[in-house]
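Okay, so chain A shows up in both of these, paired with chain B first and chain C after.
== the complex of A and B ==
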């Protein structure tokens, strides 16, 4: 299968089209740095003000915040793109390509993700190295497991987003749905605040949802907070979630295309 | 590879009355029992007024719609059942919808289509060379699409449709909003590639010159029925029963007069001219000129038979 060159070209296209918008890139990077700085400062204050022992050290938390920048898969462009194509009817031309639509979008989004890691995450991590103390991966094998787990996270978040975006086949104005779902994904996954700060009851529930597997779990692996022996189970859970979300998206998709193809949209 | 349309009917269900609980539906017949066959290498103009069922037909042929009854086969496949297999062999240009990556030069988009259609290297190289020459894309291949003129972009869009050597290409209004020179370039390209590569071309356009340059066959559809299906030349011969003469007078402010069985009109900008349209077999041109000499002194006079434009106009107005 020519999949590899296809993925490579998609990454290339994402990078190139991103570089075409240079000024918005610098603004975005600046914004990310600012947010990072603010949240680190927030946690510093929190830690200095509390006498109780928290479930993670300050450096662990700071590491979490920085490493979570690898999870650049919120605000996926897929969502907006699919929706605007559905609403404008351009989705029709996509249906006339000899490829599966979810694969087509997945590759595109993967390209965008890699592009964001290269152009946003790396500069941020490098900058942080100069100014902030944070941990490297707790061992090489944990580091590798982190990468694998992050790849699976990407798939989870892609299919979650994809399912939401297909709603455009039934609901014409999706802006509010998008912002609600994105915010929910961010909160539930622990992308903004590590789940270890959440109350136990809530955290226990969240740990079963797909979203915690998207950010919280991979970073816990990075930090070595999960025993090696438990990792296979964790990967399996991630894989199961991918499968479930993929099946749901396929189901919605077949309903949607049937709706277009039988009723003419 | 041929297209067979067999007693095809498409009925849409449209919402008549919106309601929170139970919307009421109404049936709208878009295509009513149409049949035709198109062989490999034909160039067909598929035309009709807005809302006649044109785009419904194209959607059925490409597999974007399922027929209510009847059947479509494209190279033995029913496209709505095997949409992706069918997609491999077709190309399309849909009016103002783009297949190009907005922020990038056209070559990047072509490169991606190569992967999507899994075009072998040799074929890709050959096609790219041919398309670059015929559509004259060389001059702007490095420029991002968003900075191209509409004419340049449309040429690139047309190239996209032919990149993977499709056997059938559907073009829906490919020259809309484009200047005459570019239009001519696209037309000539379509005519040539149809002749040389035997690519079946199915063109819907409101531009008569497009149709006359590119297509040999005409399928005319109106209100879901096929009104005419045959060669364009035969069509003109059969329906060009009207003649139109334009008479200029020495005097100004000629009032349109009433002549039996004639349609007399005057252009607002030319107050000394009358345009008279009549059926060739009903009125003798000489007789008509005699009548007109009573109106004023004739200074100039031209006559021609109805062309395709006039014919379509009169068909759309339900004269034939």
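== the complex of A and C ==
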């Protein structure tokens, strides 16, 4: 119960602090809308000029681009937060907290993600409903499965991010690592363009990696491109990846806490 | 004479600071290369799948992207401190700089160089080399001159955009948001022919001069016929000077923010 209250408070704080900078918020929203509009128009032109048969229709691609806004996990601040807490010495206080450090970070990221959905994604989807033709979920059950898959994909991305972030215990300047990992996550997950536009060989490999389960698979569920009978296997694969990444993060954490040197404090 | 000495001394110092942590410089340089080649991956995959966007092929789009990378790298190398202009305002650093008997513009420039932007330039040059053969570019003296003109023009435009962000930071909001919006639009969407977008969007992009930053001048270089292309390559300088004038004018009404 305490955990839920904590999550609720984190979401509220995140939302309020985001909305406090109104001009910045409106500009951010405008930017997202503009990029969405330009992407959709670009795809319309690309589709209108191609003679080849593609594995997805224009409306499916447009739906993918809009719905992928729910899965924008790539600007997680875990790395920056861990690094600044190590440099300032606040990590020492964090280690004394009666909660696991990964849970503490997870809740903060979850709050930021929900805040982003409420303040950016929902307005964009509502605007898109007025001006753009895109598909609703194939059925109510597919819609519910999409939500479940999205929650699991958030956990995959969090633990992947967290594993990389723990490098802060060894490396003092993480800008390059952050930049490379974010780029990799975006390329491998299909966050920018759907994986069905990738060459078949690359796509077949990527479909086995955890990142495709973070964006590409949940949206394929939304679109009904995966048979209902295959969904339990898909959820199982997501759960297995969460477990693997969690175990890796625990291993790195155990090594990190033995090595920690607190500067400042 | 004093100005030249100031530039030389500052530049020597910046070089010294940058190369104290040489391994970090190499890591960040490689990260920059990787990040922007990553952005190019999407363009590559899309163009491989669709072959053309209107009558442009992969190589045309790659060339515009490469020109943008080189120009962005040069601007970022020289004018990187204007990215942090809002911090100068918020922290009061600008107040200190303004009372010094030296050009404010020069002082801000010489406070830091992002040498890692050489990564952008490297990516751009690499891509230009890759498309040289498919686009049948012959690097004669005239073509090299035209290419340099193209790069200088685009760098001045992007420098002007940095100054727009800095000017906005004086009055209203964090100008970083506006600058990022323009820069990201340029990188991801304005590398395609403008006809790829609806007419009203085309009008906005042309009248806001965004299409004149890299796209139109690159078309001029590649010999793609359009009545505006040849003019576009000389618009960078007046654009930059105009925005520089506005920035200077706005600074006169700056009342100070620091302590």
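Note that the second predicted complex is superposed on the first by the 259 of 265 C-alpha atoms of A that agree within 3 Å, B and C clash if a C-alpha of one lies under 4 Å from a C-alpha of the other, contacts with A are read in each partner's own complex, and residues count from 1 in each chain.
Here, contacts are C-beta pairs under 8 Å (C-beta built on N, C-alpha and C of every residue); 3 or more make two chains touch, one makes a residue touch a chain.
Computed from a prediction, not measured in an experiment: that's the story for all the values here.
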Is A:144 touching anything from chain B or chain C once the two structures are fitted on A? First, second, both or neither. neither
Where does A:16 make contact in the superposed view: on chain B (first), on chain C (second), on both, or on neither? first
Of the partners chain B and chain C, which touch A:54 in the superposed model: first, second, both, neither? second
Just to be sure I read the superposition right, which of the two partners does A:96 touch: chain B = first, chain C = second, or both, or neither? first
So, does A:37 touch the first partner chain B, the second partner chain C, both, or neither? second
By residue count, is chain A touched more by chain B or by chain C? C
Contacts for A:6 in the overlay, against chain B (first) and chain C (second): which applies, first, second, both or neither? first
Should A:260 be classified as contacting the first partner (chain B), the second (chain C), both, or neither? first
Interface with chain C, chain A side, in the complex: residues 23-24, 27-28, 30-31, 34-35, 37-39, 41-42, 45-47, 49-50, 52, 54, 173, 175-177, 179-180, 183-184, 186-187, 192-193, 197-199
Touching residues on chain B, where the partner in the complex is chain A: 10, 12-13, 30, 56, 59, 62-66, 80, 83-85, 87-88, 90, 92, 94, 97, 99, 101-104, 108, 111-112, 115-118, 144
For chain A, which residues are in contact with chain B within the complex? 2, 5-6, 9-10, 12-13, 16-17, 20-21, 90, 92-93, 95-100, 104, 260-264
Mind listing the chain C positions that touch chain A in their complex? 21, 24, 27-28, 30-32, 34-35, 38-39, 41-42, 45-46, 48-54, 172-174, 177-178, 180-181, 184-185, 188-189, 192, 195-198, 201
